[in-house]
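Shared chain: subunit A. Partners: subunit B in the first complex, subunit C in the second.
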Partner chain A sequence: MREYDIVVIGGGLAGLMAAAAATKRGKKVTLLSLGSGTLTIGGGIVDVMGYLEGGIPAATPSAGLLQVGDGHPYKKIGRPAIEESIRFFKEICEQEGYSYIGNLDKTQWIPTAAGTLKPTCLVPKTMDTTELKKADKVTVLGFDALKDFYPSLIAKNFKKIPAFAQKEYEVVMVDPKLSEGRDVTALDVARWLDTEEGLASCIEKMRNVIDSGSVVIIPPVLGTRPDYAVKEKLEKALGCHFVETASVPPSITGLRLRTMLVRYLKKNGVRIVEQAIVAKSIVEDGKCVAVITEGVDRERTYHAKSFILANGGFYGGGLLAEPGKVIEPIFNLPVEAPTDHELWANYSLFSSEAQPFAKLGLDVDEKMRPLDADGKVLLNNVFVAGRNLRGYDFSFEKSGNGVAIASGYQAAMSV
Partner chain B sequence: MQKTTVVVIGGGATGVGILRDLCMRGVDAILLEQQDLAYGTSSRYHGLLHSGGRYAVKDAEAGKECIEENTILRKIGRHCVEQTEGFFARTHLDDEAFEGKWVEACAKVGIPTIPISVEEALRLEPNLSPKIKSVYRVPDAAIDGFRMVWQNVASARKYGGRVLTYTTVIGIEQSNNQVVGIKVRNTLTGEVSDIACDFIVSAAGSWAGEIAALAGINVNVQPDRGTLIAFNHRITSRIVNRLRPASDGDIFVPHGSITILGTTSASVNKPDDTVPNAKEVVELLNIGEALFEDIRSYRMLRAFAGTRPLYSADPNATGRGASRGFVTLDHAHDGLKGFVSVVGGKFTTYRLMAEKVTDLVCGYLNVKTPCRTAVENLVEDTSPALMAKARLYFPAYGAELAASRLGSEGLEKVIARIQEKPEKRQLLCECENVTMAEVEEAAADSTSYMISDVRRKTRMGMGTCQGAFCTFRSVGAVDANGLSWGKDTNVLFKEFLQGRWKGIRPILWGNVMREMELTRGIYEGTLNINGAIDNEGI
Partner chain C sequence: MKKHHNNPDSCTACTVCIANCPVTAATRKFRGPKMVGPTLERMRLSQDDIEPSLEYCSNCKNCDMSCPSGVPISTLNMLARAKYFKNRKRSLRDWILSHGEKMAKLSAATPGMANFGMKMSRGILKKIGISDKAPLPAYASKSFIKLFKNLKQTSYPDKVVFYPGCFINYNDPQVGMDFVAVMQANKLEVIVEEGFVCCGSPLVVNGFLDEAEENAKQNVQILKKWTDKGYPVITCCTSCGLMLKQEYQELFHIEGVAEYAKQLYDADEFLLDLHDQGRLNTNFGTLNEKYMYHAPCHLRAQGMGLPGVELLALIPGLDVQDADAGCCGISGNYGFKDDKYDISMEIGSGLFKAIKDSGRDTVVSECGTCRLQIGHGANVKTLHPLTLVRKSYEAYHK
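Coming up: the complex of A and B.
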């Protein structure tokens, strides 16, 4: 029987960060991952705290952290650990040659594909808005046949944002000729730019429509690899600044971040098991002894001293919703939820209030161990991280990847 | 000031049926709809083209009308009808004595019922509960309410019919006890205008009482709310009715790749009380289990509710106790000439209702042309040549769907858009196979003012993802073509997603919850369409 120090359940950002922090502490780690988590859907932008209750923008991520309510994961984790986790994340990025810019003391307002700005904390350099803010004239570049990006919509909407209203916008299109009768996504364009021929061809096409010295807003297509080679080559050849927008799935920025973190974990000896569906656990005397995965072939049992539960919320499958109740399927941990299902959700999908259902999740102590309704620790060696935590609506407050990083880090440090 | 001979109020099946009938008889007419076409009850029901079996015992007249109209609509509206046939299945919970009464009553009004063995029924419909006791085949069919309304309008337009959507009636103008015009307000712009006319026909369904009240006339329409569930599976290939006196949750209707389960019944005060709730959904699932035991394992798409326009001369009759027959009220008897309300009835008999009303109106107008709505098809069949052309541009499955949705003329126009810009063949809505070209075509129609209007015309956003991906794309595509109706794109996003949310909120568990977290993650989390921007902080 092989026994690991830590088994991490979940391959999203919370699980990856937990595994990274655990290896840094010299632990032997196995990571069980069902899929690629939500990184490739939600994206590689690290939101920490954008909006407070009532929809009021937080002055800075740091200020936002101080204003969250008692039930919020940030409150449990505490500020020092949050700061350390962000520092640790940035360190990994730096070390892997894909550094992120930003810090907790400044909100970065980055452009989105809907022509809005969104508040965030850390972004890859492809989303650096320094030059965009200074520019008087901005080019918005789209790709023919890319049905997930509409440059004119961005240009029109930026005109309505006071800080961006004085700028002049020009919309240009480049035809990558990728369609061949099928649908084209940002991933196709990014893969095209990954190749030398694609990049050279794109530079030629771009030269015809953009002037040297321009600031160019583009969809997130600057290569799928976690480096800045595509961005640097394009900028050098054309003498321009490119700014990627936050955009709809598939998320290229999330793909890059995941590729980088997985590479980092493998280098550091983490064993990663893909397609692992964790179905149940073996618990003895208030401690988890092992978890069992069910695959197409057979059951496998993973023993460890400690377990980090980072398998997501409703989206990832870490929590299951039924009329009037929520189930945590691996340990059957309790989740407090209104039995009257009408109380789960607001009548307005979007409003100045967070959605009650989004705040449903597991209650934990400051070490991220699961609690029962009376606040008693249920399992001594299980630590919870990520979207299955109770008390935050990541969509509303813009805090998703921030909570993932901080709680993943805290869970690993608590082991 | 606009002028016409007849103003028809109500853009549901009955209203558009009347518009078509009038125009085909050469009478100039304008139809007014307070929202979009088919916004009301005509799209908020299970989409069952009744054989009449459901009404045969209690209301033989309604049963007879159903079977006759069923036969007609299968012919004239065949692009809206899926000829599924139906089962009446008695479960172990249902009264055996009713079965004999039902068979006899169906025979009496001419509804064919063919008994089959339970084994045969289970062979044909394997998902049915093996506990069922007896089964009959009946000529039920599935009918697409949206499409039926649209194709009636398309036909009426060919004969000169005009349609004004998002136009609400605020006054009925009279002079010497005779209708002379109607005062309307555009609900989008707030603009008020008058239309001169000789005749007003109210086919406002659940809203008929409110319209009549504008002329000081009392029409006792009791809105009766019915909630339904759409499942993302073709649970059954045939309509399945429960063989018992009409009650809640006893009809399953397959439509393409989905199945609708309905309905509940509850009297409500307001005709637009159509927000479903979780309690109704759970009740429907509990009842539906008798026919399909695995009902809880099927993925739901949404819940929705409509209000039946029950009419009774007796102000105390409500719910299923009220008649489902229809009545034409000539308000000349109330002292106002040139005003008629048609109330009660059901989708299956819309054409007959329209014919009766149009006969009455034409009598007053001294128009002798006979009704031809029962013999002339709503839209022309798509020619094999055009279908061959469509297959060059649409995915194999999508070509058939698009042809039946659009009709010949619409299909031609969409193909022309794709020929002009080939990338417009891309599927903007993957769930329902809707191309970018089709969305643009629907958006350009004079009755479209928001993305939900495009949805009703194309089915975009009505599949599994309920707008998670196509909302962004449709707003983008519409805006890029200068068709965004002068609206802020964030307003368009929110309007569409809020409409989808209305039906998702009452079923927010299982995979529906997962899908919703994805949708919110995209629009609120990533695209921040809802967040205030701190201009000082940028």
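Coming up: the complex of A and C.
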């Protein structure tokens, strides 16, 4: 019988990080994934802690970590492991030629496609705002026919942000000639720039509208591959600095990060099974022996010494909402939730409070093992990571990818 | 989550499928899986809605694989295509490409003549819309069924049923013969049922859904007959396998598919299962050889990982490297079409480059048409994994 050291359930950022940390420790890992995770939807920037309760911005991610409540996953994981996880993540990025910038002691406020700023911790070099902050004059460059990126809206809204109000903005357009066929997304433009001809043609077009030495805000289009080749070639040819904005799905930064991490795992011998619908588990004496996938044909059993449960929350299918209760379908772990499900939602729009439903999830100990209502460890060799954890609203506090990285890492280190 | 629940409303329009669709990446003419699949399906449910770019979907299933909400996007496209063609005239090109089995039977009397004829008539085929550059397969001089009939097997109490499929039967029978040899080496006797017909995959992609259903009904009845008796049924072709176990459930309402699917195996996975049970013949001879491997999309879609890679890892000395460079672009008969050939080659370009960069001259892959496309696009030799398994067994006795 084939037995692995660790079976990771879930191919999102938490699962990928857990698998990466486990393989780094010399463990034999199988990763069971269903769909390609939410990185390509949510994006590749790493938020750690942007806003505290009440919607107050955290001074730095570090300061934010100090102020999270007892039920928060960060509190369980602890500062040293969070730091190590960030270091490990940056190390992989560096090694793979797609390094990230930033650290826990500084909030990076990055531009969005709506012309606002959002707080984050780690970003790819394509989103480095150092030059943008220094510049007196900023060029906002759009692409003809590209949906969801309106340079004049960005320029107008930036004028309303105190730190950016004094700058002068110039709006310019480049026509990628992609209007034939379907609607144009940032992915189409990024793929155009992936090709040598596209890049050369884009450089020529940009030369006509931007001056050497400019700082240029652009949509996330600097190539789909996890490297900086497109950015470097463009900047060298034009003598400019480009800054990508955060934008709507499909997320190019998320696509790059996912491509890089999956490649890293495969290189390190992780066996990845796609389309694996994990439906149930075999538990004996407080230990999980195997998990079982429910294929369209038949069940398949995956044996391992330890299991990392990183299959997402309500969106990813790791948690199921039913009237008055929340179910964790694989191990049937308890999820504490108000029986009156009307209480799960915060009904006020643009509220300064988190969504209660987002905080529903699995309670764990400091090793990420699931706990019952009395705080007793339920399964000794099962470790939980990512969006199924209880106690945080990633969207409200801007902590999503940070919790995924820290909890994925901690789960793998606890095995 | 039941995969054969074709609900477009499960789609949250998250766009992950667009990012993972190889056709979308290769051409702007395709509006993308989200739009053409679930989004327009909601319109199609209430009215006739014609989407011209629907013809670009290759049914490779990368959208289904990337979907976080379990929407069978490609199947929605295939159903829409069938609906579109319900009252429309079909092209001769599509008929020919969909009816490989009929064409093969017509040519069976004189495959040599048929191959000669095909070479001569590439100009004519081009006129009806089949690319004159595409790697059309040649007919084998003897079909697998013919070769099998002349083969003297050792009889064993444990038996398996083999579903050869059209490509192995008419174009690449050696894979079937290698399969039989590997089963025999594992003390298993192979049964081949002549009543099996084309799985229907080439029919479905061109909208001949009614004919595909007729084929399905016949195959289901035979498959169920054997699995009811407790015999496993094995395929070496990943597209046949996917059609028989999954797409039949998504496309048709035929009783019995879920039941026999439990015992329908990919050959590599079947051997690994034997290994798990401690009954695989592991008398593998050393093969000091290097190969690239390509995972067919229709294998990846089956939720069993890459059993071929795991199986070949058991052979001492063998060095098999997964190219891991995505879809090859052929998607059955998609890349044979004149207006799709360039798209198909563009899709495969990343894979061809990865293979060429590796410097290895032979690529291993389970899917017959993937092998054709790779041979054509990367200018390398190709093999089915079982050919290497057989070779290793034979090396042990040398």
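Here is the rule we go by: the second predicted complex is superposed on the first by the 413 of 415 C-alpha atoms of A that agree within 3 Å, B and C clash if a C-alpha of one lies under 4 Å from a C-alpha of the other, contacts with A are read in each partner's own complex, and residues count from 1 in each chain.
Quick note on the criterion: a residue touches a chain if its C-beta (ideal position, glycine included) is under 8 Å from a C-beta of that chain, and two chains touch if they have at least 3 such contacts.
Everything numeric in this text was worked out from a predicted model, so none of it was measured.
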Thinking of the overlay built on chain A, is A:Thr185 touched by subunit B (first), by subunit C (second), by both, or by neither? second
State whether A:Asp144 touches subunit B only (first), subunit C only (second), both chains, or neither. first
Answer with first, second, both or neither: which of subunit B and subunit C does A:Gly239 touch in the superposed model? neither
Could you look at A:Arg298 and tell me whether it touches subunit B, subunit C, both or neither (first, second, both, neither)? second
Check the residue A:Gly269 against both partner chains and state whether it touches subunit B (first), subunit C (second), both, or neither. neither
In the superposed arrangement, which partner chain does A:Gly55 touch: subunit B (first), subunit C (second), both, or neither? first
Tell me the contact category for A:Ser152 with respect to subunit B and subunit C: first, second, both or neither. first
Report for A:Lys118: first if it touches subunit B alone, second if subunit C alone, otherwise both or neither. first
Between subunit B and subunit C, whom does A:Pro323 touch in the aligned arrangement: first, second, both, or neither? first
Shared contact residues on subunit A - subunit B and subunit C: 38, 41, 181, 183, 249, 315, 317
What residues on subunit A touch subunit C, complex-wise? 1-2, 30, 34-38, 40-41, 178, 180-183, 185, 187-188, 191, 249-250, 255, 263, 266, 271-277, 293, 295-298, 300, 312, 315-317
The residues of subunit C that touch subunit A in their complex are 1, 3-4, 12, 14-16, 18-20, 25, 27-32, 35, 53, 64-70, 245-246, 249, 261-264, 272, 275-276, 300-306, 310, 322, 324
Can you list the subunit B residues touching subunit A in their complex? 275, 277-279, 281-282, 422-423, 425-428, 436, 469, 472-473, 475-477, 479-480, 488-490, 493-494, 497-498, 501, 505-506, 508-510, 513-514, 517-518, 520-535, 537-538
Can you tell me which positions in subunit A touch subunit B when the two form their complex? 38, 41-43, 47, 50-51, 55-57, 59, 107, 109, 112-119, 133, 144-145, 147-150, 152-153, 156-157, 160-164, 179, 181, 183-184, 246-249, 313-315, 317, 320-323, 341-342, 344-345, 347-351, 355, 357-358, 394-396, 398, 400
